[in-house]
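The data blocks that follow each hold one structure.
Note that chain A is present in both complexes that follow, paired respectively with chain B and with chain C.
Take a look at the complex of A and B:
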């Protein structure tokens, strides 16, 4: 028994009291109330139960678009923001080079930029004018000046994923570097003695031993990806993606905002939120299963 | 020795060149933003950031003066609101989260397991789905458009609690026993002995908490209804319309919201990294 059992019987409860109060008022109460709201029609002054009607109302093309966009955005960001930061972290994981901490710091800086500022910069760099920097850099390669934001759906999705890549690569590198530091150096030395190539070491030593970190980063990326909204809000000026081509910027949280706040349909907004919750749970479980996370626990 | 040394050196030079180019690419948008603040907003609305914008020429600090005078000093009001929220929210969050983390790290008591699982549950629910019921709650509590409405729901963060708990578990219990022998109360032991020992943990969480609070957007967007209550991100977002001369204020305001944070990052880089890797916080 390492810890001394508290002499004061009530002291521990006083210490954890802030969490209990905050949990009851700001997590449990809203969670229960949003579940109830999802079965209600909420109008000023009169609220009544309407059964599953809100959920039935969600069988509409906008909801499907929102789910599809959130899903695609999540898949694309994970496809970019896992492998690239892993490789960069492996390359930076060399204490022999003092410049590496400078590189790590520089790549981390975009994380400090708020989503509003980041979106503003993206809008200005990818402006529709032929003189705007991205268009003018591409024109020598025969690419016609594009309206990146509202011109077509793929370039709009490209901007969303590009913005996420710019902002989060540095954070993920930091996560993977801390994971790499837990891999014993002897394993690499042993592999070197056996004449293993760099690729062999990467795929047979580094990546398998980095798995817990990869699972962690993938999990938070699933949550972050499905909850994306602010990026769309900024790129398309508060239209909840409504101003984006083919509604490509309309995400599930954007749809909550559109219906719940702008449209005043709080019951419907709650129903969207609960479907989002179920999807996130299902995807996380599926993902953890794919990685064999639960199997490892059993062993 | 030479034959072994040269290829290693060459790889290292190649890697360094690669990373220098990559870092320049990652820093380029911030460079572009800073230089854009020297250009007239009407040009930016029409052409975006152009090659001409990126050449440092005619750099004057007029934009800073204009920032604080346009729209009757609205930016100054947003800046003050943001500062106030960051300071109060971060201080309260440090106090409460460190207490809870300490309680969970030091004591054995009934219900501890339950509390730890509830914390995991909280982390599993995307906060975005709680925004609607919280909004209704604020209306019922008459706390819309107030500072407490912005701050209170998110002061106690399970991530920070876990971080403090991990840190406390690493501190030898001898200090606590010494405090008990000296006849200190449990609260006294925490505030007079343990809290000072947790300074590095406070540093890491202060930096990360302040950054999140400073950049927080969705919740302040919903709570704050009038211009005099806006935070910087909410205020800037209202300027993202292609009308009037809003872009002057938008760009210089963005620079002023970003550059101080980058300077702070360089001073406290170690704390940032420590906070991230142990606490597991994103965005």
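Take a look at the complex of A and C:
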């Protein structure tokens, strides 16, 4: 027995067992059961199949708003959270300057703040009252006090993206910094000898060599963007319905939460979840394809 | 050293044994969404333990955020594990718990001996097929809270405000004299709108459960509210969207608005969150829509229920009835929470006119006497399985679209929402 565990036959299986077990228990089983549930009407103690009814119910304005909001949020966060951290990482990547470690720390701290705390503070900063901080800071510039959170789709999206930028810039800088460490110094030296300017070096050396990191960050941003829920939940959490006025902050995961957990319609929630899965899958494939991820490396 | 350790061991064993010998207190878990309710339950359990030494309860009461609590309860009921012994369920979420195999314990056996002493409408909202599943805290009579400093500055006599038209006129006077809005309207909740329509014997649903959200009365009333903001300009949208936002409390506390209509249970929000208005607020019935119309509406509610998953159902049921169904419990509901309790036979009790933190805060000599004048002017509301969805629509779209960004007329917004719900 002892020998058989030690032997080459069982050991590999033993080592992958933790993964297999957690995959079966926490990924495959929930996935299969979500697919089944999406065709069911689920009440306490009474569950029966209803065919495609859950999916038909999703043809409603709330679902469209949720998809549109999630999509916009993802696009905007990627548009902001790739270029800015890349530039900041390049600036911070100079070991000669001792101030850089201070900046690095300062930019990373927001990541450590909980969403709940950050969201609550943002909600109060951007309150509707003319006395609220942001409104009172803007008033000397002739900006009328506005209600940032209630009913205004663009200011609501601005706050959501702003909050994401504040929180995630530091993390993305860390990714890009580690990517930058892998770029050989000699390339820059060679470029300098050839007389390349700083901009030229950035666009011809740094960014092309950073591409794997950019692909990685974009991919996780797509997942993160479509999965966004906490930010919107906290910004409008004072709202007892759990939703946001005019559904300006309704995301797909938020809609799952609203229907599945708040409304107890687990079947409907499962159907939304599966649609979300398909959308994220399609977007990721498309994006990886655009980056040429599936092309063979050129010889 | 060793002797010392032995001593400690003996002591621990003795303490443990002692606790075991006396350990007749039964732990009972209770969840609520409203921290203010905890004060009441903790006080009630003290009285219960004093009166029932053999059945003492170790109450483990916890308050969760509103949405959190109802999600946890719903998941517990659906999965069959994890429910507390007793929980507060807010009225607009209650229908979710009456679907499928109901996970709540029938309370008929404890209610029946005193059934005729309750305001029947408040029992009916938590019942299905004649079985009562929960007990409410209050009737929830909606009243008008006036900031008397502002009324005096504007020269308004609130006792002359009989009809809503008078209220609008008084509001214009307030705006002209003080520059402050007469009132605020909720854009992300339903307490500004719902009482106004039930006052006129309308509702979101007809008594037989059909959707009446877009009927003529409801459209007219929503138009009236929109006009308050944009035509007569006596109202503004509530800061933060609703009357439970920190922003609203801050602004109201600073004397920002002339009045507010909310149910009686809002008194506790005044005493707890708006301390600077102590002694400045007077409570009156709502204005009528027409001569002889109703001056109040029974709004909101918290159904407290015992869960079938509880292992101590009998004790939980008895304690629940003591807290919310007994005469003593009902008096405590008034004394501690400032709610108008659901047993009408306590309304004339001398304890109801005794001074407490609410009588001190508000200008009224006898709050309950004022309340008794409107007790027959409350039209019962109808709840259905679609109530949670409809409530979400009122909170998330209709009010904002009509009162805030005016992207839809009242008729459009109500019709669209009603049509979606009818699908």
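Methods note: the second predicted complex is superposed on the first by the 269 of 299 C-alpha atoms of A that agree within 3 Å, B and C clash if a C-alpha of one lies under 4 Å from a C-alpha of the other, contacts with A are read in each partner's own complex, and residues count from 1 in each chain.
Just so we're on the same page, a residue touches a chain if its C-beta (ideal position, glycine included) is under 8 Å from a C-beta of that chain, and two chains touch if they have at least 3 such contacts.
Not measured: the values here are computed from a predicted model.
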| item | value |
| --- | --- |
| Which superposed partner A:152 touches (first chain B, second chain C, both, neither) | second |
| Touching partner for A:43 - first (chain B), second (chain C), both, neither | second |
| Which superposed partner A:193 touches (first chain B, second chain C, both, neither) | neither |
| Partner contacting more residues of chain A (chain B vs chain C) | B |
| Touched partner set for A:246, first chain B, second chain C, both or neither | second |
| Touched partner set for A:264, first chain B, second chain C, both or neither | second |
| First, second, both or neither for A:124, with chain B first and chain C second | both |
| Touched partner set for A:108, first chain B, second chain C, both or neither | first |
| Touching both chain B and chain C, residues of chain A | 124, 127-129, 132, 237-238, 261, 266 |
| Residues on chain A engaged by chain C in the complex (per definition of touch) | 42-46, 60-61, 124, 127-129, 132, 147, 149-152, 236-247, 258, 261-264, 266 |
| Complex interface listing, chain C residues touching chain A | 65-67, 70-71, 74-75, 77-78, 96, 99-103, 187-189, 237, 239-242, 244-247, 250-251, 388-389, 391-392, 395-397, 399-401, 404-405, 420, 423 |
| Parts of chain A lying in touch with chain B, wherever the complex brings them together | 2-8, 11-16, 18-23, 25-27, 29-31, 33-34, 37, 88, 91-92, 94, 96-97, 99-100, 102-103, 105-110, 112-129, 131-133, 136, 166, 168-171, 174-175, 178, 216, 220, 223-224, 226-227, 229-230, 233-234, 237-238, 253, 256, 260-261, 266, 269-270, 273-274, 276-277, 280-281, 284 |
| Touch list for chain B against partner chain A, complex | 12, 15-16, 18-20, 22-23, 26-27, 29-30, 32-33, 36, 44, 46-54, 96-97, 99-100, 102-104, 106-109, 112, 115, 118-119, 121-122, 124-137, 152-156, 158, 161, 173, 176-177, 180, 185-187, 190, 211, 214-215, 217-218, 221-222, 232-233, 236-237, 240-241, 250-251, 254, 257-258, 261-262, 265-266, 269, 272-273, 276-277, 280, 282-283 |
